[in-house]
Every structure is written in C-alpha cells, then in structure tokens.
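The following pair of complexes shares a single chain, subunit A, combined with subunit B in the former and subunit C in the latter.
The block that comes next holds the complex of A and B.
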C-alpha cells in the first residue's frame, strides 16, 4: 500500500514540488518565494558536484557571478531581449567551466576546494576593480530588459511563474542526468575513481561534463537572480558567500535532488527569518554546521528517507509471511 | 625599488609565520584548517585589547596575545580537529569553517565590527640606500628569519621535532614505534596556532584590526602552502617570500591586483604540479 503510494508520489514529484512552492508563496510572500526557487536551482547545480561527484567547491559563487554579470552586461550593451541574455549567461557559464575545468577537475579534495576559491577571488577582483568601468565596480549596475511577448519581467508574477518553470526544468534535467549511466559514473568517481578508470571509462571526460553542467546551471541561477532583483553587485561573486550553498547542500542531505531542494528552502528560511529573532545568527549557523558534520551527516532529507525505509521494510517482510500462511 | 623589496620581504615574513601552522596541520593531519584564521584574528584582537586596557607596552601585549591563544587552540584541537582524523577532507573544511564563523561572530560580539587602528610600535625610520624605511618592517623580517632558524633547529635537532617530521612522512610507522603520534600532532597544532597569533600581532600595526582580517590572509596563506608543497617546512619558507615579492612587485605597478596575482601564481603552479590530496 505504502509502496505503491510512494511510487505514485515519485512519478508526479515535479508536480508536487511545484505545488509545494505554490503553497509556500502565500505564507512567505512572493518575493521570497522567487528567491527561494532560484537558490534551489543553484543548490541543485552545486549538489551535482558535491553530492554526486564528491568534489567540494569552496568558490561556486564565481559561476553564479559569471552568469549574473553576463546577463546584466548583455542587457546593457547588446540587446534588451531577456531570453538572449539568459542564453548568453548560460553559455558564458559553460565557457568558464570549459576554460577552468581542465585545471580544476584534475584536483581532488582540499585542492579542488581551494583552487575554486582562488579563481573566485580572481573573479571578484575582475568584477570589482579590473572591469569596473563596465560593471560599475562596488556600486553595481542595474539591468533593464524589454518586454517580449507576454514576458514582462518587471512584473513579479511573471518572474514567479518563469522561475517556477525553470526550477521544474532543472529538477527534471538533474534527475535525468543522475539517473542515467552518467549519474552512476559520477557516484562511482565519488567512491573510487581508479576503479571507474579500470572499467575503461574516461573519468576526465565525465568529470568535465559534470563540471560544465554545474557551472552552466549556476550561471543560469545567477542570471535568474538578476532577473528578479534587476540589479547586480559584487555580492553575487563574493567568495565569502560560497558557504551558503555548502550549508544548504549539507542541511538538506547531499547527493539527492530532493535533499538539495529541502536544503535550499531550509537555508533560505533560516537566513530570512532567524536574524529577526537571534542577533548572533552567524554563530548559530556555525553551531548548526558543526552539529551537521559530527552528528547528522545525512541531512534532513536523509532522515526522511531512512524513516520511509523503516516503514517499507516491515511491509516487505510481512509479504512472504502471508504467502506461507496461504 | 628598495622599498618594494622591503615591503615584499615584510609581507613574505608574515605569510611565512602564519603559513607554518597551516602547513603542519595539513601535513600531519590532512586537514585544511580554516580555524587558523580565527587564531590569527584573535591574536591581533588580544593585542589591541591589552594595549588599550592593561596599559602595558607592545612587547608585553604581544606575549600576552601569543600565550592567550594556547587554551583556545587546545579547545579547537580537542573538540573539532581530533574528531576529524581520518575523515574525508570535505568535512574537515566545513567543520573548521564553522569554527571560524562562530569565532568571528564572537569577536564581533565582544569587540564590535568597527576596525581598530593601531599605531606603529617603533615609529623610527632608517635610511637605507636613500630610502626611508620603517624600522618595524625590518624587525618583522628579522623575526621571521629567526623563527625560520629556530624551526630548523627544532625540527632537525630535537626529539620532539624529529617525531613530528617523521609523522609527516609516515604516521603509521611512527605510531608502530610506540610513540603516541597524536599527542605530538596536538603540540604541533598548538605551535602553529601560536605562530599564527604572532603573525596577527605583527601584521596588526600595518593594517587595521577588524573581524574579517583573517579571511583574506588565510586565502593567501593557503596559496603559500600549496605553492610551497603541502607539509614541507622549507618549501613554505621559500614560497612565502616568493609570493610576498610577487605581491609587492604587482602592487608597485597596479595596486588592486596585488592579492589576485598570488592566486594566478598558485593556479600556474597547480597546472604544472597538481597535488594529490
């Protein structure tokens, strides 16, 4: 009974996610809801590297920032079409991944984390100082886009539904990717890369593809953030903010699409509401992170899954029992 | 020219002093220790606090700061780092970063977020080749050279130092000789933390003391450790001064790029010499 319900739920999970966000919207206001959904896209992109491939990046804000700046700059200097700008943002995320990938992807563990951080620092410098005449430096710049057909992105309702559709598409894409042979290879690389190589797979190519998908999706999330705020500042490329997405991944449970979504929403809820009640919320965040690392590594979604398994197991055990009695 | 050289050697010396601890923790415990930045920042804050409140001189305050971080580093080692032995690097990074977040927030709680400016303890300057140089910078270079010499003796001549170096090479082999390696690693961790606090103390009069001073320096020190080779004590020495010179020469031509150039050098080094970690 429960098993069949679960399979049914899994089949329509995309609709359920959309429905939950629609339910969440009247509770937390539409602006927040848009922000939450776009952040979830970023967490999904990040989790592809961290949760599935086991590579912790400490500078993923770089790719988000590349998307954000590419989107804004294309709007300011190329054309007012928001869709062209989105395309350019995703493409520039992919190009950055393609250029940096061969250097970054070869490293593992601490080096992977730190080299991302270093490149992020370089990116911050480029956006803040070197390209300041074009990007507006620390002051940032505003993004203005034309109305295309029914897509008038100055209206929040339009941005809301557009982000919702984007989130659904990204969830579908990431699920397709991780459910395929490619996803199995990613998990194989996480466990033991040498063995995957031994089976005859080119792990470098797999890692490159995963890295580029992750950077492009992060850039996409960055572009959507700007679509929502219509203003870009250097805070979108600040390496110090990289910890947000790591925390979101951890709290939700790394290595699962639903975990990433739960984590994204949980983090955003904490960061939006907690400062109203606790003044020292960074301290609280640090304490929760320590607790997660030492006690609750599976995250919120991990515990939901294990609880469900406990429900499923008695059901499976009772089945052969009933057959015997028959 | 001479002032560029002197500045490069000064920051190089400070980077060296701070990076030793990072290099030791990475070499001994395979842990990337973000909490190192916290100890560094605390060193600078305790210095500022004791200068303002206790009414003692710079030298005494510096000693107070270096000694005061010993219990703090013990707590970090005992309750966070020791639980991370043999864990994956990711969890170590996240856990030590969490400690850094908590610590920085505590610093903001106690001292506030407003930067505290400190005056140069030795305000004299000396003429060298026609350029006026602050004596304080020369003192920093001298101290870093003394520390290098001291560490060479410590790691090369004393039993404790030799155990730590042997543990860097092969932990199991040392443990199989009946030596409790972890105790020595804890000592190495405390030593590294004291040096980080000293780095904070020495750097404080050059920059302003603020809660986030650790983050930027930590990034550069990671670059130093990576360029110098993880766990290599002499490599760290060479890399610190080399990157210090890179910073000061870049800064001479185009100021804002000084920090970034360090990471570019690190990227180039990683392309040609990837590190298995």
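The block that comes next holds the complex of A and C.
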C-alpha cells in the first residue's frame, strides 16, 4: 500500500507539486508563493550536498549570492536579456564551484562547513567593499531586464509561472540525479568514502560533480530571487543567512527531494507568519531545531514516511493470522 | 607469480608495524595469513590494497609495481578487499550495494546480481531490503559475493568467519570453496579449522614479521606452531 502510494507519488510528483503551489498561491499571495518556490530550489541544491553526500555547509549563501550578483551585473553591464543573464548566473555558480571545489571537497565534517563559511565571508567582503563601485556595496543595485517575447518579468504572474516551471525542472533534475548510480554513489560516500574508493571509484571526481551541480543550482536560485525582487543587496550573500537553508533541510528531512520541498515551504511559512505573533520568533526556530535533533532526525517528510510504514506493517502482519482463523 | 610482496616495511606514525615482510601468491592459489592480534595481518592486506603505503619494499601485481598507488587504482586492476567489520553500505539496498560494484567492474546489474546469487543464493529474497537490516553472516556473504562481481583476479579477505555462527561459517566456506581456482585468495583468519580446510599455503605472522611459511596446511594444528603464532 505504502510502496504503491509512493510509486504513484513519484510518477506524478511534478504535477502534484505544481498543483499544490497553485492551490497555495491564493492563500499566501503570489509574491510569497514565488519566494517559496525559489527557496525550495535553493534547498534542493543544498540538500544534494548535505542530505545525499553528507557534507554540511555553513556558507552556501556564497553560491546563491554569486548567482544573484552575476544575474544583476549581467543585466546592468552586458545585456538586458534575462535569459542570457540566467545562463551567466548558472555558469558563474559552476565556475565558482570549479575553482573552490578542489579545495573544499577534499574536506569533511566541521572543516567542510567552516571552509565554506570562510569563502562566504570573502564573497561578502568582495560584494560589499572590494567590488562596491560595481555592486553598489551595502546599498545594492537594481536589476532591470527587457521583455523577451511573452516573458515580461516585471509582471508577477510571469515570474510566478516561470519560477514554477523552473522548480519543476529542478525537481526532475535532482530526482534523476539522485535516483541514478550517481545518487547511489553520493549516499555511499556519505556512509563510507573509503569503501567506495575500494570499489574502484574516484570519489574526488564524484564529489566535484555534486559540488558543481549544487553551486550552479544555488546560483540559479539566486538569479531567480533577483528576477522576483528586481534588486540585489549584500543580504543575498550574507553568510548569516546560510542558517535558513540548513533549517529548511532539517525540518523537511535531509536526503529526500520531497523532504527538501516540505522543509522549504515549512521554513518559509514559519519565517513569514510567525513574526506576526511572536516578536522573537527565532527562539521558536531554535526550539524546533532542538526537537528535530533529539526527536525527529528524519524531519517532517521522513517522519511521515516512517509513520506510514509503521501503520502499514501491523496490518500486513495481521494478514496470515486472519487467514488461519478462517 | 600474480602477487609478490617484497620486503615491505610499514609504519603507523613512528611505530613500525611491518618489518621487511615478503609474501607471494600464484594465480588461483588460496593463501592464508595467521597470527595473533596486532601481528600486522590486516596492515598487510591494507598495504596490498593501497590503503597504506610502505616506507620500504614493493608490492607487485601481475608484474606491475602497485605500491604507492591509490586504492581506486588498485581496485581497477581486479584486486578486491573484503573488510573485517562486515560493513556494507547499510543505508543502501542490497541491490544498490551490488549496483555500485557492477558499475565499477563494468558489468550489467542483472549479471552482477546473478553472480552474487551464485555465491549466496538466499540473497535474492533481500535484494530490495536495506543492507543495514542483514545479519552479520548475510552481510559477509553479500560482501564476498559483491567482491566477485566482474571476475576479479585477487581477493583480499579479512577474517571472513569472525563472529559468525557455525551454520553461517559453513555457508561462507561453501562460498570460498566455490571461488577456489577462479580467483587468487589471500585470507586473514584465526579459525584454524577453516585455515586447514581451505589453505594451499599459510604464512604465520608474529610482531610484524613472517617467521614461518607452511606449505602443508595440516601443520598449522601442530602444537609448536599453535604456541608460537596463535
């Protein structure tokens, strides 16, 4: 029953996800819905490293910021074409991943987390001080793009449907990647990298690919955020905000595409609505974190799946007994 | 000679664990390494597999000097290492565990599964279960079966029967006997009944040296031998 439900869910997941966001939009507003979807793309990118490969990064805002700035700068200095700017943003994320990857992916544990944080801090300094004449420093800068065919991104409806399509494409891509041998390798590396090497795999190359995919998708999310907000500030590259994606990943359940989506939406709901009722809402987030760490390590999605499994198991176990009694 | 270890010395920091040790194995041979805990048996296997690099001496496989190579490069030559602690990838399914080995060996998944089933027929019923749910014996047989995917040339197995029930040991022995002649086996083992049943030759290790080589497996049961090496 559970397996057939999950198989059905997997078969039509992109339609279900699209349907849920379309249903959510009238309730939470279109602006928020766009924000939620783009954030989910960022969580998916992050989860590829954290959930699947077991590498916790404290500086993933760097890659989001690279995309955000590359997108805006491309619009300001190169071309008003938003699609070209998106391509440049994704390529910038990939290039940064390619340059930093050889240093970062060799590390694990606290070292991996902190080295990302260190590079994120450097990125913040570059955007805020060193490149301030071009980036606008702390003031930030506006992003203006031309209308291309039917794509007038000054209209929120266009941004909404475009973000929805982008989210679905990213979900499909991440699902394909994690469902393939590449995904098995990532999970193998998470569990024991040495053993994967003994099977004959070059784990460095696998980790590099995962890292570059993650940085590119994060940069893509950064560019989409700018498409929605039409301006960039240093808050898009602020390492302090890396905690948002970590929370989202933990809330939903790391190592699952659906968990990342659930986590992304849950985190955004909390951060958007809770401040209306609780002034120091971050305290609540801290309590949620403690609860997750001590009681629900698998996150909301992981808990739902295991609860369904528990519910299903006794039902299956009771079958032979009923047959005997008959 | 398929495998030749020539006077290797290995250190853990400043501690010398192997001291000018040599051993060899011909194609199809079953060679055992016995000795007390801390004698350097596992270090020997790890050095052959490329996990440790010798400070002196060479490891040669099929005429190629492989000492100093990375483990993945060694594995690509057809050298497989079955670890002592029976650690499969617990979060992956049995099928995924086999898939990892299949792709690395350039073998189709169904062929790889057939190969593992040949070694351990019962595994067929667990293919979609998480490998973490298998018992110690089932894990060991999965590891041995997985190591045989893609026709390896040398199998290094560390204590294959350690901590297993008698019935499971018999299954492991059956699997090893099935592989005899097809692949060269270098096995670290403390169970002397297993050693005398399977061995073509035995190396006795003591404190990082190999002071004795027994070409008659029955000699391992000899009292003097037992007292000296085990």
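Going forward, the second predicted complex is superposed on the first by the 304 of 326 C-alpha atoms of A that agree within 3 Å, B and C clash if a C-alpha of one lies under 4 Å from a C-alpha of the other, contacts with A are read in each partner's own complex, and residues count from 1 in each chain.
Going forward, a contact is a pair of C-beta atoms (placed from the backbone, for glycine too) under 8 Å apart; a residue touches a chain by one contact, two chains touch by 3 or more.
The model shown is predicted, which means the values in this text are computed figures rather than measured ones.
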On subunit A, which partner's contacts cover more residues, subunit B's or subunit C's?
B
Going by the contact rule set out at the top, does A:114 touch subunit B (first), subunit C (second), both, or neither?
first
Touch test for A:58: subunit B only (first), subunit C only (second), both, or neither?
first
State whether A:196 touches subunit B only (first), subunit C only (second), both chains, or neither.
second
Is A:81 in contact with subunit B, with subunit C, with both, or with neither (first, second, both, neither)?
neither
State whether A:187 touches subunit B only (first), subunit C only (second), both chains, or neither.
second
Subunit B versus subunit C as contact partner of A:286, first or second or both or neither
first
Partner chain(s) touched by A:125 [first = subunit B, second = subunit C, both, neither]
first
Would you please give the residues of subunit A that touch subunit B in one complex and also touch subunit C in the other complex?
none
Residues of subunit B touching subunit A in the complex:
26, 32, 80, 83, 88-91, 93-95, 97-102, 104-106, 109, 212, 215, 219, 222-223, 226, 256-257, 259-260, 263-264, 266-267, 270-271, 274-277
Per the touch rule, the subunit C residues reaching subunit A in their complex are 49, 51, 70-72, 75-76, 80-81, 83, 87, 89-92, 96, 99-101, 103-105
Would you mind writing out the residues of subunit A in touch with subunit C in their complex?
181, 184-185, 187-188, 190-192, 194-203
Interface residues, subunit A side, partner subunit B - complex:
50, 54, 56, 58, 103, 106-111, 113-115, 117-119, 121-122, 125, 129-130, 239-240, 243, 246, 250, 280, 282-283, 285-287, 289-290, 292-294, 297
